[in-house]
Amino acid sequence: MPARIGASSGACILPALTTYPTGVWLIGAAGHVGTCTLAGWAAVRAGLIPPTGLVTAAGPLAAAPLCGFDAAVFGGHDLGVPALTASADALVAEGILPAAVVAAAPVQAALRQAQAELRVGVDGDGGWDELVRIRSELAAFRDRHQLPRVVVVNLASTEPPAAVAGLPVEPEALLAAVRAGARLPASAIYALAALDLGLAYVNFTPSLGSDLPALDALARARGAVHAGADGKTGQTLLKTVLAPMFAIRRLAVKSWVSHNLLGNADGRALDDPERRASKQRSKGAALGAILGYEPEHKVGIEYVPSYGDWKLAWDRIVFAGFGGAEMTLELTWRGSDTALAAPLCIDLIRLVELAQRRGEVGVLPHLAVFFKKPLGTDEHRLERQWQALLEHVLTPGGDA
Amino acid sequence: MPARIGASSGACILPALTTYPTGVWLIGAAGHVGTCTLAGWAAVRAGLIPPTGLVTAAGPLAAAPLCGFDAAVFGGHDLGVPALTASADALVAEGILPAAVVAAAPVQAALRQAQAELRVGVDGDGGWDELVRIRSELAAFRDRHQLPRVVVVNLASTEPPAAVAGLPVEPEALLAAVRAGARLPASAIYALAALDLGLAYVNFTPSLGSDLPALDALARARGAVHAGADGKTGQTLLKTVLAPMFAIRRLAVKSWVSHNLLGNADGRALDDPERRASKQRSKGAALGAILGYEPEHKVGIEYVPSYGDWKLAWDRIVFAGFGGAEMTLELTWRGSDTALAAPLCIDLIRLVELAQRRGEVGVLPHLAVFFKKPLGTDEHRLERQWQALLEHVLTPGGDA
Amino acid sequence: MPARIGASSGACILPALTTYPTGVWLIGAAGHVGTCTLAGWAAVRAGLIPPTGLVTAAGPLAAAPLCGFDAAVFGGHDLGVPALTASADALVAEGILPAAVVAAAPVQAALRQAQAELRVGVDGDGGWDELVRIRSELAAFRDRHQLPRVVVVNLASTEPPAAVAGLPVEPEALLAAVRAGARLPASAIYALAALDLGLAYVNFTPSLGSDLPALDALARARGAVHAGADGKTGQTLLKTVLAPMFAIRRLAVKSWVSHNLLGNADGRALDDPERRASKQRSKGAALGAILGYEPEHKVGIEYVPSYGDWKLAWDRIVFAGFGGAEMTLELTWRGSDTALAAPLCIDLIRLVELAQRRGEVGVLPHLAVFFKKPLGTDEHRLERQWQALLEHVLTPGGDA
Amino acid sequence: MPARIGASSGACILPALTTYPTGVWLIGAAGHVGTCTLAGWAAVRAGLIPPTGLVTAAGPLAAAPLCGFDAAVFGGHDLGVPALTASADALVAEGILPAAVVAAAPVQAALRQAQAELRVGVDGDGGWDELVRIRSELAAFRDRHQLPRVVVVNLASTEPPAAVAGLPVEPEALLAAVRAGARLPASAIYALAALDLGLAYVNFTPSLGSDLPALDALARARGAVHAGADGKTGQTLLKTVLAPMFAIRRLAVKSWVSHNLLGNADGRALDDPERRASKQRSKGAALGAILGYEPEHKVGIEYVPSYGDWKLAWDRIVFAGFGGAEMTLELTWRGSDTALAAPLCIDLIRLVELAQRRGEVGVLPHLAVFFKKPLGTDEHRLERQWQALLEHVLTPGGDA
């Protein structure tokens, strides 16, 4: 990477961080993950909860010149304008955040601040009218708060797979097509709006988002960054440490059967076969890439309403060892979908803001550690992704 | 490392490999792992089984100038002189190796060859008489076959923890003490004999072996190499990929309960509380080292005779996520203890022979990926150990 | 039950068993379960294997006046006329029966005997022509061997759910409809043929079989017996002991998620959504019936070819306890589908023959313990079904 | 059973229930189970929680003439006189009872009532002085509240196995021995005191309690009833439905490995090898009794403090099927130890009171369904125990 704006001698001459806030715009702000990101950011800032699960608040990345927790302004889109306090109460009811944390004054203040910046988003596909509206709402948020940088994060429900075959690969041609009546999935409309304004865009879902050549080119043209896709919070996280083990030891994986049971809004959306296909595609990427071959691989997703936010991943792996005998590994992982996702969102916001501040542009493959289907790289092994992240962020002046 | 004998310009001027064989001396040769190593080596050489589970026969390390499978002579110690063909039949009965493989002529020939070199070993502690006898048997094996290098591998049953507090730290002082009547665990007697002769010593068990300052100094004095301890074949293997995941993501592990159920000779030995303590110490090392803190950690080992060689590891991990909610991971791993261990032995023999041929001396920390309690390094993370191994073996002229 | 032929003073005046053989006709004879039933019957008779898994060869039912293992003649239908020796070799390759058992002379002789009586069956639906042919083949088998009683057992692949809404409920009307062109699933054609001849019919699959009012009436009219449906071999077996536990203790089951992974021909058939629907219906019956309410209940079936005959059932149950706290039970069951099913077939043959000999007619609800979806009763609790079986079979002169 | 006092024509002429209260005396009243029994009784009475997990409040036993929830007076012993409100708060903190339930006025009132009746109990062994004191405290409780019947329930920590070999088998001889200086475990002192007064005694723990010939004889002499031992709340509950399944199907259990992980006070007590031996003996009884043979059977208990009250039972069963192939069943059960135990205590109090009121004397084997090691019967099968309970309680005038 030839040049980082103002980064010739390391982090020290970056603009002083405390003089301006970072803007954060959450698409799906009133959902579980959005609300937990909002409330959790405030709770960490106020010292109400320890930074468990955050990789940027302690450990090696704490040494990076990341934006402080004090310096952020939140806004976002959702379908309708739900009360964020009600969303936060739902987090308590589900056992995700303690009641005392949500009731604390700093968290309530943060929810109020964000409530004032909540706008009605795009449902399903969108066209030129939606693009213009979203873009102007993002610009207004940026201008109203004089934000030098805004990170837009997609946390909305998974969309069905998009038909992208005929879409133009040049940014201006894509914009022209939309103006002429083409429609895109909402996630791509948001990405288009954000990147066209030079804002950062992060796709935390398996939806299309910025995963189009024209959008990557647009990001580079506008000096924007983007990253994705689909936060790596559970079963795939495990796959990206276990598959390397089988690969290193050259044990031959014959079958890998995965099931996911969940009962939250994400689970309800994924009960739809088309949306589930998006998710399954995202979840299926890592295994073959790491092993170098494709075993029998099943990824099931089931909606069990009474599970609520507490998802359950079950995996059964059959592999052959020396001499051919079959061996097995079985796993059960149970966690709050939201509590696993929200800290990754917080980390991504901070790391994307840093990249933007350092003058990076285009896709950010060094953030692969956060994603099931990382843009810009084929590296799925967690440890290698982590090493790449540390090296990129902590090496003065460069990411080699 | 300043000098490798004859290695100034890389691997190309190493002595031609085909002109002489490598000696392999297995302590516990007639046990399951010993016999499977013998039979498996022959079976791979003859193409009777694929090299599944071997890291040196395919993948990146296949490019290293390792000794060929054609060039090895086997011998070993055991308690008594059991028939290796009977041991091999037991492998078939347990479902470890296919009947046709063990019955094949190349495997039977290999068993006959090793049978001729089987000697009665040391049971329990040993002193000067045992040392002298073992040393002379090893020297005779080396001389009889004109072996430039011999790798001695300890596969014998786990010993109780040894009292090593007062032992001399200088090699000659240790030898003098033994001559004067001091007794050492058998595993250390073998190590002392091997290293004193300049032979390589590998400790695949949790027993004491070469893990004494005096023995490491002796190895360096005699130009010998040594490595250990305790082959990483199952539960600990999993820990060294899963614990890094928790560490990377800064999820807070609260408890990690591990149980091992096994029914083979190793299991029977570990049914003794003292021997079990050795194993538990070995198995307990990795977790705290990787996490950076000590969660509640239980490691149980139970002897279930009807399980035979098919061990079962069960783990339950409770961890806190963002906001403090408790989450869980449960694992069940089932595999043949022997089929998991034997390929590691084969790989170690080849890699240790290479190190010796390259003129390395002393402990070999680059082999940490094979061990539960690696000598010479505190690195327990599998992926990092693997990277270190590749870098060490494949970098021309150096291991940086 | 008013009358048992010749049974007024108990079992002692039943016709002497050794004077004639029992006929057994297996539909799907060359499949895994069919072949294992044939070979297993011969192996038990010859003392080559212990009667593990058989409920009629030891324990309380061994006291019942059941037909001996010596007195049976086997025949059957399949699609084409596969070699039963090849089918038996497949059982060995899958680890279901030991090689020495299948190779033994008594087993080979039994396979030869049955091979001579193997006929080409009905594929898919059948009409009048198929009915006439099947009926005449069954009659010929009976007459050729002078069999006083023949038990026909359906072991063929699961059929899609049948449209039975408009079918006549009177036997003669059903026969007339078929003569006039109506078509029935193959399983019902076999049942119609068997019952019309007065033979016993057992449906070991979830297919329609004899589960039609007209067929039950036909059985009663012809003095025949029938039983079914769908052998209870794994996950449902567990449900019928675990659900009663929750019911007895009045623990409130909130969700019960079940997955079945299997790789044999049954699994391949069930990979078809329509056939799977049949199976799922059958597997879903017990839970609500036992609990008295319907929790969230998912039953997934997946085809994993490399699993072969070794099916895996995984269940996760969430239930509320006193005070409302959620608790969980998770289960993994792994077994050979065939080795679990075949002994039940053998037991059913013997018990159905006894019922027929005792003069019982119509459906046999006392055999519910063998079935997922028992005909003639709503009792699903295993222990109660077992008690009912013992009482019915062992009580002299009556089944109360 | 020849006679029930006043029960000649069924339940209808039993004394009217509402005219006097039932006394309940809990040994270990301030422990988790004791407090949950107190608070839970009040919460059910007030309709604050549904009767989930109670077998006497709904279902067939609801028809029995049991004492009402309105009519009970509680008291008890503990070590020291802890505040029951603090104990109840601990139940909330552990997620056993909802905060709103414990805070509700009826529950607080019940805690206050019981607090006034809390006395300092016996720690370790006791002799004549302790016996006299306990007996007088029980008598005073009875007299103070004019209680026609008092049920004493032992909920105290598990004691080490007691040496009972030389104890007299006649009640008066036992009393004389204690008077002369013999000492008994506390649980037996309580039983002796209660039964000597003609009160009912229930042993919910594996401690000795009333399991002495002299105590049973004393109960019969004094017209008292007693029952035990060790509440069947988790792993053993599962064993008593799963082992019958293996027995019915004649599947051959080869090994059954059980582990229990728990972190509450019971777990801490069981971390002591002697007390653990008591528990293991109790937990080991059912399996062989049901199967009719003894497989390899391991029962491990481990103290994992961070688990708190949420115990985890893991079982792995290996069994042989038809043809000898090995199959497996694995189970994980997770629940609140307290929430599983407390409703059983409530049920036992009501059922024991009824037995006493009906004039039954001596041991009460019809209560076996509640216990790991039932006194007075060898029946361990849950369904049979349940049938026996229903028959005994619901059959007018008799328990046949």
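By letter and in written order, the chains are A, B, C and D; residue numbering begins at 1 in each of them.
What we mean here is this: a residue touches a chain if its C-beta (ideal position, glycine included) is under 8 Å from a C-beta of that chain, and two chains touch if they have at least 3 such contacts.
For clarity, every value in this text was computed on a predicted model and none was experimentally measured.
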{"item": "Separation of subunit D from subunit B in steps, with touching chains one step apart", "value": "1"}
{"item": "Distance between the centres, which are taken as Cα means, of subunit C and subunit B, whole angstrom", "value": "52"}
{"item": "Between subunit C and subunit D, centroid-to-centroid distance (C-alpha), Å", "value": "43"}
{"item": "Numbers and ranges of subunit C residues touching at least 2 other chains", "value": "330, 332"}
{"item": "Pairs of chains found to touch, sorted by chain label", "value": "A-B, A-C, B-D, C-D"}
{"item": "Residues of subunit C touching subunit A in the complex", "value": "254-255, 257, 259, 261, 296, 298, 300, 302, 304-307, 312, 314, 316, 318, 330, 332"}
{"item": "Partner subunit C, residues of subunit D touching it in the complex", "value": "36, 40, 43, 49-55, 58-59, 95-98, 101, 237-238, 241-242, 244-245, 248-252, 320-325, 327-336, 339-340, 342-343, 369, 381-384, 386"}
